[in-house]
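Read from first to last, the chains carry the letters A, B, C, D, E, F and G; within each, the first residue is number 1.
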Amino acid sequence: MDATRPLDALNVSRNKRVIVELKNGRRYVGNLKAFDIHINTVLDDAEEYIDGEMKRKLGTVFIRGDTITIISPQ
Amino acid sequence: MDATRPLDALNVSRNKRVIVELKNGRRYVGNLKAFDIHINTVLDDAEEYIDGEMKRKLGTVFIRGDTITIISPQ
Amino acid sequence: MDATRPLDALNVSRNKRVIVELKNGRRYVGNLKAFDIHINTVLDDAEEYIDGEMKRKLGTVFIRGDTITIISPQ
Amino acid sequence: MDATRPLDALNVSRNKRVIVELKNGRRYVGNLKAFDIHINTVLDDAEEYIDGEMKRKLGTVFIRGDTITIISPQ
Amino acid sequence: MDATRPLDALNVSRNKRVIVELKNGRRYVGNLKAFDIHINTVLDDAEEYIDGEMKRKLGTVFIRGDTITIISPQ
Amino acid sequence: MDATRPLDALNVSRNKRVIVELKNGRRYVGNLKAFDIHINTVLDDAEEYIDGEMKRKLGTVFIRGDTITIISPQ
Amino acid sequence: MDATRPLDALNVSRNKRVIVELKNGRRYVGNLKAFDIHINTVLDDAEEYIDGEMKRKLGTVFIRGDTITIISPQ
């Protein structure tokens, strides 16, 4: 990610593997397929982690933006 | 789901079975009938799960968008 | 409820008996008289349930939308 | 209250005694003098109840809308 | 306070002593100097109460509206 | 601070020492350099207090408005 | 940081090392690459601290603005 606006920075990670962390402590790791200005985010080949442990393979997952704390390239 | 905007991705699941998870930990599984930009969502043939256990069959359920964390195809 | 937009789906339940659940765990059962885009909702002949037990008959009740998690036909 | 829009329904209770319940569990009972689209609400001759017990007579009270869960005619 | 819109009702208390209560349980008592549509509020000669006990004299205090539950003339 | 609009009142404290209190209980004391309509606030020569005890000197600090409860001249 | 608007003040720290603190208590330290009016923020060469202890090197991290409490130059 390298850009002057935050969403441009997210765009650099499109189709790459990212970590998405939620306010409830859950973590999703997957390929960043889509996001919008609300930071609503879609991951592909996603895995869900609770307390650092992989709990579920989800395939595709839509994550509501207001529940997200951080997004980081894996 | 495969699209460049998150709501397009949700649209791919229309009339298919999805899992909707809420901030209060509840999970609803049903056929995705409708959603809007607030992620207000309507499921058909919905079942409610609490702590992983099926508690109620709800038929149709309207879920207020701001209470949702993730939506994923079942 | 059967419609492509969530509020259309709610509209199918107008004047019918619905269950409204709140973020604080309370549940209201009544006839759906009115709602708006914020999901502010008015029920008639409403009963309040706390922990699954009927606590009060309220007649009419106005429920602020942002406190609602789900609405479902009874 | 009888109307097709939630605020019309509230309007039927204007100058009548209503119960207003808050997210923090407090309850105010008073004459409904004013409200707006945010559900900011003004009661006259208001009494405050905590855990079902009358704690204070407040005269007039302005209640910020986003703290309200339900409003019901007494 | 006597008016058909909530902010008109607040206006009746301008330059008079009011009680402002917050979501975190704190209470401020002071002269109502200013407020806006977000209910951001400024009090003069303000005192802070925690658990019913006066803790600090604050002189002027700006209170962010979204943290307020009720405002009432003292 | 003396003005009819809350932000005018804040403006009177510009370049003066203020106390900013947060929803998480932390308190920042510093020179008020800037603020906007969201009450996003910048302090200079700021000190952070936790449980009434000075914990850090921060120099400049940007405080997101929605985390603020009150601002008061020191 | 020295400016009359909060975002101008943030801009002075662009490409410099800042501390970003979150509502959940986590702290990120990194080079401030980007931010927007929602205070969505992107850091480079970021490190995550939990309870004051460095837990992870994250490289780039996108932080959703509404989860931030303060930003301060390191």
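The rule we apply is simple: a residue touches a chain if its C-beta (ideal position, glycine included) is under 8 Å from a C-beta of that chain, and two chains touch if they have at least 3 such contacts.
These figures come from a predicted structure and were not determined experimentally.
J.: Provide the labels of all chains in contact with subunit A and in contact with subunit F.
T.: G
J.: Whole-Å distance, subunit C centre to subunit F centre, using C-alpha means?
T.: Spacing between the chain centres: roughly 41 Å.
J.: Would you kindly tell me how far, in whole Å, the mean C-alpha position of subunit D lies from that of subunit C?
T.: Going by mean C-alpha positions, subunit C sits 18 Å from subunit D.
J.: Measure off the straight-line distance from the CA centroid of subunit B to the CA centroid of subunit G, and report it in whole Å.
T.: 33
J.: Residues of subunit C that contact two or more other chains, please.
T.: 66
J.: Please trace the ring of touching chains beginning with subunit F, moving first to subunit G, and write out the chain order.
T.: F, G, A, B, C, D, E
J.: Going by the contact rule at the top, pick out the subunit C residues touching subunit D in the complex.
T.: 22, 24, 26, 28, 33-36, 40-42, 44, 46, 58-64, 66-67
J.: Okay, in this complex, where on subunit C does subunit B touch?
T.: Its residues touching subunit B are 1-10, 23, 39, 65-66, 68-73.
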